[in-house]
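Structure first, then comments.
All chains are identified by letter, namely A, B, C and D, in their written order; residue positions are counted from 1 within each chain.
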C-alpha cells in the first residue's frame, strides 16, 4: 500500500483520463437518449486529448513559444526549456475533428427527431417495430 | 512529373472536391465532368505509381520537403500500390455507373453529393498511401464523416443507422488515436517506419502491448469484424445505392489494409504473431464471423441486406487469413482485398440497377428479372460465382490461398468455415437465380401472360457493370502474375 | 444494455490501468516523447521558419499536411450538415407575417400579396418574440470588437497562442452572436447562404492551392520555401509568409463552416427565424 | 502551479462530466457540458498547452455549447436518463 500511493500521485493525470474515458464509453453504450450519447462521445474524445496533453508536460519547462521573439533568430534555444509542442499540434487537430463529428451527429439527431418525434432510442425502436 | 504521383493522388481529388462544391452553386452540369476527370487522373497516377514501384522499389515522398520523422512522408510499396489501384478504379467505375441514380434521387443536391463522394475517395486514398500514424487518423475521420453523410441520405431509417455507425466509428477512431498515443509515449515518433525501428527493445513493455490491442480493436470496430459488426448491415442497407456501392466495396477493405499495415510494418509479424499468443483467438473469432455472416445472410428475404451479411462474412475471411500467421494466409488476405472489393462492387452495382428500374430490392421484386434485365443479371451471375468461389473467377483463387494457409497453419476450423460459407453462398445465390429466372410461374389456366418486355437499365449503368464483370474474370486469370510480381514483395521475408 | 456497458467499461478500464503502469512518470523530462523528436522542433523552428510559436510552425509547416486535412474535415462537417438538413425550395407558407418596425404593428399577408417596398418592414415568424433591447444593443456594440479580436488572433498566430482555427471560430462566433441576439434572418442578410457555401471551399482551397503552387514551382507539395522566388524574399521568410497564407485560408474556412453548421442546426434547415 | 488547484480542477472535471450525463434535462446537460469543456481548458492552460486551451475555449466551450443548445431547442429537452 505504501508504494502504491506515490504511483497514484505520480500519474494522477493518467488515472483521471482513464476515468473520464470510461465515463464517456459507458454513456455511449448504456444511455438511452441520443443527445446524451453525443455528450458521452465528446467526453470520450476530450479524455484522449487530456492524455495527449499530459504527454507533452515537462518539468521545469515553459509554454512552447520562444521567449526571444522575432529578433532572436541567432540565439540558441534549449529544448529543455520548452514544453513538447508536438502533442499540442496533434490535439488541435483532434479538437477540430471532435467539433466536426459533433455537428454531424447533431444534424443526424435533428433528422431523426423530425421523423420519429422523440430522441429516446427505445421509443424509436418501438415505433420501427410497430410498422 | 512522375515523382509527384504520390502527391497528385491526394491533391487532385481534394482540389476537385472544392471545385465541385463551388460548381454545385454556379452550374450543376459541371459537377459530373469534373469528378470523372479527377478520378481518371487518380487512376492514371495510381497505375503509374504501381509501375514505378514494380520497377524501382519503394517510393518515398516527403511532404513539405521535410524528411521523416520530422515531417510527414508517403511510403508507397507493393502492398499499398496495389490497393491504391483498386480504390481508384472502383471509385471511377462506380461514379460513372451511379450518375443516373444520383440524378434521380437527389435532383437538387447532386453537387454536394459528388463533393462528399470525392472527399471520401480522397480520405481512402490518403489512408492507403500515408506513412504517418497520426496522418492516418485524420484521413480516417474524413472517410468516416463523409461516410456518415452519404449513408444517412437514404430511406427513412437511414439517419438512425448512420448515427449508430457514427457512435461506433468514433469509438473505433478514438481507440486508434489512443493506440498511436501509447506508441508515441514510449517511442516519441509518429512515422510508421521509424516506430518500427524504435520498437524492438520495447516489445516487453505493457504499453506497447496495449497499443497493439487498442489499435486492433479500433480498426476491427471500423471494419465491422465479428462481435463489433452490429452497425454495418443496417447502415449499408438503408443507404442509397450510389452511396452503398462506393462504401461497401471500399471502406471495410481499406480498414483491412490498415490492419495488415499495422501488423506488417509498425509492429512487425514477429511481435504480432510470435510474441503475442493471440493468433488462435482471432482466427476463431474470424471463424465465428464467417459462420454467423453466412447464417444471418441465409435468414434474410431482402437482397441488399443479404449482401451486407456476406460482406461481414468476407471480413472474417480476410482477418482470419491475415492472422493465420503464414505466408499463404497473408497472400490470400491481400489478394482477397482486391477480389472482394471488385466482387462487392459488382453485386452492389447490380442492386443499384435493380433499384433504379424496379424500385425495390426485396426478393419478391426480383421476379422475372433475367428476362427483363439480361445484361445486369449476367453480371450478377459472374459476381455471385466469384463470391461462391467458382474458377476461373477471381474469388476462387483467394479462397484457394486462404485454404492452403489454413492447412499449413493446421487450423482446420478456419478451413471448414471457408468451405461452409461457400456452400451457403451456393444456396443463397441459386435461390435468387431461381426467383429471377422461373418466377412468376405461368398460371395453370393455360393462357400465358405475355412475357415482360426487356427493360434494361441505361447504358451508362450497364457498361461499367459489364466492365467490372470482365475484370473479375481477368483478375482470376492473371492471379499468378499478381501474386508473383506484386504480393510476393508486399510480405516481409521473415514471414514464411 | 446497462450491464453489458458496465462490463465492457470495467474490462477496458482495467486494461488501460494495467498498461498505464508502464508509462514514463508524468512530466519526466527524460521520457522518449520529450527527448526523441520534439527537441528538433524547438531548436530549429526559429532557424527554419522564423516563427517564435513552435506550435504554429509545427502545425502549418512541419505537419502542414495534417492541418490541411483537418480543415477539410471541418468543411466536410459543414457540407454534411447542409446536405442532411437543408430543405431547399420549401413551399412558401399560406400566410406570412411582417412587422412594421416603427409602430410595432404586425401585418399578415396571404400568399401572393406583397408589402410595399420599404425599409420599415421586417419578416417575422409565428413564434416571434420581441428581442430584448439591451441584449440587442449590447451585442451590436460588442460584435465589431469580437471581429477585430478574431482578426488579431489570426494575424498574430506567429508569435502568440492562436492562429487560423481560433481566429476563425471567433469570427464565426461573432456572426452567430448576431443571429442569437437578433434573429437568423438578420445574420443571413450579412452573410448570405450562397456566400457562406462558396467561401468555405475557397478557404480550404487557399490552403491546398498554396501547397499546389509549391508543387508547380518544382518542389514538393507544401514546401513553402519555393515561394521565395514569387515573393522575392529569402526561403526562411518565405516559409513564414507561407504559414501566414494558409492560416488565412484556415480562418476563412473555419469561420464560414461554423456559421453554416449553426444556420442549419438552429433553423432545422428552413432558414427562417432561428432560435 | 499549485498541485492543490490542479487536483481540485481534475476532480471538478470528473464531477461535471458525471453531472452532465446524469441531469434529467438536455438543456442542463448542454450547459454542464460547456462547464466541463471550460474546466478542461483551464486544466490544459495550467499544463502549458496554451494553443490547445485556446482552441478548446473557443471550440469546445463556445461553439460546441451553442450547437448543443440550438439542437436541443429544435428537438426536445425531455430525457429519461
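The criterion applied here is as follows: contacts are C-beta pairs under 8 Å (C-beta built on N, C-alpha and C of every residue); 3 or more make two chains touch, one makes a residue touch a chain.
Everything numeric here is computed off the predicted structure, so don't read it as measured data.
Enquirer: When you check each chain against subunit B and subunit C, which touch both of them?
Expert: Correct list: A.
Enquirer: Determine which of the two chain pairs, C-D or A-D, is joined by the larger number of C-beta pairs in contact.
Expert: When the contacts at C-D and A-D are counted, A-D has more.
Enquirer: Among the chains here, which has the CA centroid at the largest distance from subunit D's centroid?
Expert: Ranked by distance of C-alpha centres from subunit D, the top chain is B.
Enquirer: Taking each chain's centre as its mean C-alpha position, how far apart are subunit B and subunit D in Å?
Expert: Spacing between the chain centres: roughly 38 Å.
Enquirer: How many angstrom lie between the CA centroids of subunit A and subunit C, rounded to a whole number?
Expert: Centre separation, subunit A to subunit C: 19 Å.
Enquirer: Could you please state the distance in Å, as a whole number, between where the Cα atoms of subunit A are centred and where those of subunit D are centred?
Expert: 11
Enquirer: At which residue positions does subunit B touch at least two other chains?
Expert: 134, 138, 141, 145, 148-149, 152, 159, 184-185, 190
Enquirer: Quick one: which residues in subunit A touch 2 or more of the other chains?
Expert: Correct list: 12-13, 19, 25, 54-57, 61, 63-65, 86-88, 90, 92-93, 96-97, 99-101, 103-104, 106, 108-111.
Enquirer: Counting only residues that touch at least two other chains, what does the list for subunit C look like?
Expert: 16, 20-21, 23, 31, 33-34, 37-38, 41, 53, 55, 59, 63, 66, 70, 73, 76-77, 80, 84, 161, 165, 261, 265, 268, in rising order.
Enquirer: Looking at which chains touch which, would you call it a line, ring, star, complete or other?
Expert: other
Enquirer: With touch defined as at the top, which chains are paired up in contact here?
Expert: A-B, A-C, A-D, B-C, C-D
Enquirer: Subunit D touches which residues of subunit A in the complex?
Expert: 12-13, 16, 19-20, 23-24, 27, 31-33, 35-36, 39-40, 42-43, 46, 49-50, 53-54, 56-57, 61-65, 83, 87-88, 91-92, 95-96, 98-99, 102-103, 106, 109-110, 113, 118-120
Enquirer: For the complex, which residues does subunit B have touching subunit C?
Expert: Touch residues, subunit B against subunit C: 4, 7, 11, 14-15, 17-19, 21-22, 25, 61-66, 69-72, 108-109, 112-113, 115-116, 119, 122, 126, 134-135, 138-139, 141-142, 145-146, 148-149, 152-153, 159, 182, 184-190, 198, 205-207, 209-211, 213.
Enquirer: Under the stated contact criterion, what part of subunit D meets subunit A in this complex?
Expert: Per the touch definition, subunit D meets subunit A at residues 7, 10, 13-14, 17-18, 20-21, 26, 29-30, 33, 36-37, 40, 43-44, 47-52, 55-56, 59-60, 63-64, 67-68, 70-72, 74-76, 78-81.
Enquirer: Give the list of subunit C residues in touch with subunit D in this complex.
Expert: 53, 55-56, 59, 161-163, 165-166, 169-170, 172-173, 176, 180, 258, 261-262, 265-268, 275
Enquirer: Where on subunit A does subunit B make contact in their complex?
Expert: It is residues 25, 28, 34, 37, 41, 44-45, 48, 51-52, 55, 86-87, 90, 93-94, 97, 100-101, 104-105, 108-109, 111-112, 115, 124, 128 of subunit A that touch subunit B.
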